[in-house]
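Presented below are the structures under discussion, each in the form of structure tokens.
Common to both upcoming complexes is chain A, partnered first by chain B, then by chain C.
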Partner chain A sequence: MKIEHKELIVVGAGPAGLSAAIEAAKSGVKAIVFDENSKPGGQLFKQIHKFFGSKEHKAKIRGFKIGQDLLQEAEKLGVEVVLNATVVGLYPEKEIIVKIGGEVIHYKADAVLIATGASENMVNFRGWTLPGVIGAGAAQTMMNLHHIKPGNRVFMLGTGNVGLVVSSQLLQAGCEVVALADAAPKIGGYGVHASKVARTGVPFYLSHTIKEVEGEDHVTGVTIAQVDEHFQFIPGTEKHFAVDTICVAVGLSPMAQLLKMDGIVMDDTKGRTVPKCDRTGATSIPGIYAAGDVAGIEEASSAMIEGRMSGSAIAAYLGYLSSDSSEHRVDTLENSLSSLRQGMFAPENRGKKIETTEEGIAISQNLLKAGFVTDDEITRFPGFRKEMKVHPVLECTQNIPCNPCQSACAKGCISIGEHMTSLPISVDGSTCVNCGMCVASCSGQAIFLVAEETRAGFGEVTIPYEFLPLPAEGDGGFALGRDGKKLCETTITRVRTSKAYDGTALVTMEVPTEYIDKARFYKKIG
Partner chain B sequence: MDRIAEHPILGNSPEGKMVTFTFDGKELSGYEGEPIAVALRVNGVMVHRYTAKRHEPRGVFCAIGRCTDCVMIVDGVPNVRTCITPLKAGMKVETQYGVTGKEGAL
Partner chain C sequence: MLDIQKKLKEIGPFVPEEDDDLLVCRCEEVTKGEIRKALHQGITTVEELRRFLRCGMGLCQGQTCGMITRRIVAKELKIPMGAIEPATARVPMRPIEMEIAGNEKK
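What follows is the complex of A and B.
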């Protein structure tokens, strides 16, 4: 059999694989990337929300845009991306078998990077194989790539970031999300993601899981029930929902089969199998590297940096870069990576019970159980401030690595400081000019502009709005609270869209002054 | 399930070329090049196949070609993953029974 030779073969054209190929190609390495999908970008192209992090991590840019930028950069550097190409074998001596169409091609490389990402976990419940039970990734693929609704009435199992993000994407696609449930006693993902969903009126059921899915040949309903601390159902706590779709978002597992096949030393300790690697992703076999979710589930931002670290190390391994310059580059990247791995959701904090923020403020317990901060709780956070004139209220109450709001405000109304995970502060005495940039740049849609009194007895609240149809000035409707419940009638006084807002509309509603600190969403009458 | 006509972030859905195909003999339509499974879902078809032993229905689960729950007989060929196979005009799509294909083959 003929064997084709390549310098660097990358398996997987997701954020990790593309970043690695780009970084290596910058030093002159000739890289080829294989992906089994018909479209490159991995998970990125399904992600239509703005990312967290800071500027260097491409914060406030939507995932699919980051994917387009990566592809363009790869193309400019001469990286070859081969699609519909499934890598089925990895053998010692860095030999690779690829299936392209009906053809099987054999390659040999000087270096190999495995960036195959992760696959979705499944749980068993009665009826889990019925048509209409789908993975959260499948829901994303249907709505964001193929432009169809995955279902009309959807039940979401799982409240990690994937479950929360996909729930808000379902709402954006025009589906009804009837509820979210999680067997764990608290919401696993970011509070700001949960709040986006909660304020539209979707209930959360913690310590609950699916008992049974009903339907003859497709889903027609679901019964959930509460579980005790041993995850046993508590009789009499059943709740029933009529739905046509169940979305399952119960975690991801690294897709490490190729690495195992090659006899690379694996690490099974943390309940998952990942390759043993150094900080650059170098595995136990010289010249074979791993980066991104396959080396440990994290997120796209970290996958891109890990990819770059591997790419730089590979350039040095192949002699295109001195080991000194590579080390230096990797140090810089590692700093950027560790800034992302801080805060309440940092890897080392997983499973730990956190009672207070870094600032010593008691965290909102309601946020963890119901997805929203209560009216009483919100006032103790530094993003909350009262002023007659328009000013920002930042309802971001957990320490997460994110700071685009700070740089969005040219007027110094928002401060996070040096430490990216610190809670944003609405700065006393600053002058807000109502430009709206902070509202649009907040990845968590957690910023509101509040004017306590614009005329006697009434004030205005401006909310981020990413739904259709967009309300129009003069429209009447209801102002909803953080819990998604009707507070009062309201009139829309202003609707702003702009290229600079990147798809987020700013909707201003007038409410009686007594509701000014409570009204956080809008619903049209009817 | 419906198509999303207009999306707040993704804008208008791209207009494709409408083509017809058959599902178990019935004529249906969908956009050329979209996954067969997508065209079926828009037409309300949820069941793609029945398992061999227990005759249980299966439909799309992963939508990215990994789980094989969505396989059907396409133009006479069984075990085609419809979630990643593009729709073409005149395709003959059939519910699959068991691993060999035809109804009654269980």
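What follows is the complex of A and C.
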């Protein structure tokens, strides 16, 4: 049996693995990356939405584009990426067994990085094994990689960011999302993601979960019911929906088996098994590192930085970089990472009840329960402002690590300030030139351009729009409120697309002045 | 390590529940009732459950049912999730045909 020798073997070509390989290769390390998929990029290639964060975190760029960029960078640096290569084992002395085609190949490496990501959790309600019950990530794979519509009428279980993002993508794919439910009493993901879904008219059921899924040989319906604080069903609260697909988005579990089988010390908290690591992902065995979701579920943005930190440490471990320079680089990266881990959704705030924003403004309770800020609540946030002439209204009401809107506006109409998690402010006295860049750059699709009065009794609202077909100028229809309910009839006065908007269309509709602070979505007649 | 006799006394006899017929491990078709019964017969770890019932030993190697199983164990034995010894991970991490497993590159 032949054993091939490599300097650095990376398992998983997701954002963590690719970033680590890039960072190490920059210092001269020869890296090889194995991925069992036929396409590199891990989860990134399914993510067609724009990312949060700031510029250094690749904010407002769509996930798949970030993946393409990483791959290009890796190739340029001579990183070898081997696809359809399943790593089936990690043995002592850093021996790795890879299944490629009909063979298994043994490798030995000086350093190993495990970046295998995570898999989706399941819940076993009655009927969970029926065809039509799928993971939300699976639905995303079907839609965004294989261009297959997962179903026609979909019920989503789970309101974390995955549940919310996949729901809006299902809507984009032309599916009807009948409802979202979560056993928790409040929506778990970002409010701006929830609002995107809510304003299309999709209802949220909090403190509800699936009781039973019906069907003979495939899903035909679902019954949900309310649960009490001990997650027990409350009799008489059942609701039924006729659906053909159930998407489950109830969290992810790290795929850490490779590390475990090698005898690495694991940390077992809350039923999740992750390797014990230092800040660079160094595990209990020298030369073996872990980065990304496998070391703790987070996001692609953080996985990329973690990967870079590991890559830099590996370069030092292999003698390509002095430990001083590596430490220095890791410090810088850690700062960038901690800026992402701020705000209401920061790891240390998980499970905490937050009543006010960092600015001391009461949180919209309706946003947490129904997915949208009410007409009365929105006026207390600094992104809301009234002016006759066109101006931005920023309906971003939670402290999240995100700020592309600020840099998008060359006119200084939007201010977030130093602190990335601060709420965006619609700046008083600034002059908006209606360029639309802010609307298109907002990952949360939470920015609207409002002109209170364009002719007597009427004003205009410009909304971000990512559905096809696009409406056309002169089209009639209804303006919908933040709750997705019909407000009034409207006419489309302008539809803007541009390369600079990167796929987001700007649709302007005319509404009577009384609805100017309420109209936030458009629906065609019929 | 749990004191099994003490634990069995503490949790009392097996009481059937209406959803005992629910599948937990779909690969190996193991139900919630079978797992609960096994726990009342003195099994206390996921590893033992795997050997006794084969739950988590199928195609996905417990990646789907692992958490559900652990939740059942925690509830039934009245212990926190973190206190449950997880199953051992073994090569191969993914299912692999014997023909390929034996076909090592020369």
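In this section, the second predicted complex is superposed on the first by the 524 of 526 C-alpha atoms of A that agree within 3 Å, B and C clash if a C-alpha of one lies under 4 Å from a C-alpha of the other, contacts with A are read in each partner's own complex, and residues count from 1 in each chain.
Following the convention adopted for this analysis, a contact is a pair of C-beta atoms (placed from the backbone, for glycine too) under 8 Å apart; a residue touches a chain by one contact, two chains touch by 3 or more.
Since the structure is predicted, the reported quantities are computational estimates derived from the model, not experimental observations.
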{"item": "When chain B and chain C are modelled together on chain A, clash or fit", "value": "fit"}
{"item": "Chain B versus chain C as contact partner of A:Glu36, first or second or both or neither", "value": "both"}
{"item": "Touched partner set for A:Thr269, first chain B, second chain C, both or neither", "value": "second"}
{"item": "Touched partner set for A:Gln172, first chain B, second chain C, both or neither", "value": "first"}
{"item": "Chain B versus chain C as contact partner of A:Ile525, first or second or both or neither", "value": "neither"}
{"item": "Contacts of A:Thr129 with chain B and chain C, given as first, second, both or neither", "value": "both"}
{"item": "Chain C, chain A and chain B - angle at the middle CA centre, rounded to the nearest 10 degrees", "value": "60"}
{"item": "Touched partner set for A:Ser119, first chain B, second chain C, both or neither", "value": "both"}
{"item": "Chain B versus chain C as contact partner of A:Gly102, first or second or both or neither", "value": "second"}
{"item": "Which of chain B and chain C A:His146 touches, first, second, both or neither", "value": "first"}
{"item": "Which superposed partner A:Ala456 touches (first chain B, second chain C, both, neither)", "value": "neither"}
{"item": "Minimal inter-chain CA distance - chain C and chain B, angstrom", "value": "5"}
{"item": "Contact residues common to both interfaces of chain A (with chain B and with chain C)", "value": "36, 119, 129"}
{"item": "In the complex, chain B residues that touch chain A", "value": "1-4, 6-10, 13-14, 34-35, 38, 41-42, 46-48, 56-66, 69, 84"}
{"item": "Interface residues, chain A side, partner chain C - complex", "value": "1-2, 36, 86-91, 97, 99, 102-106, 119, 121-126, 128-129, 253, 255-258, 260-261, 266, 268-271, 273"}
{"item": "Residues of chain C defined as touching chain A within the complex", "value": "19, 22-24, 26, 32, 61, 63-68, 70-71, 74, 81-82, 84, 86, 88-94, 96, 99-101, 103-106"}
{"item": "Touching residues on chain A, where the partner in the complex is chain B", "value": "36-38, 48, 62, 119-120, 129-135, 137-138, 141-144, 146-152, 172-174, 217-218, 466-468, 470, 503, 505"}
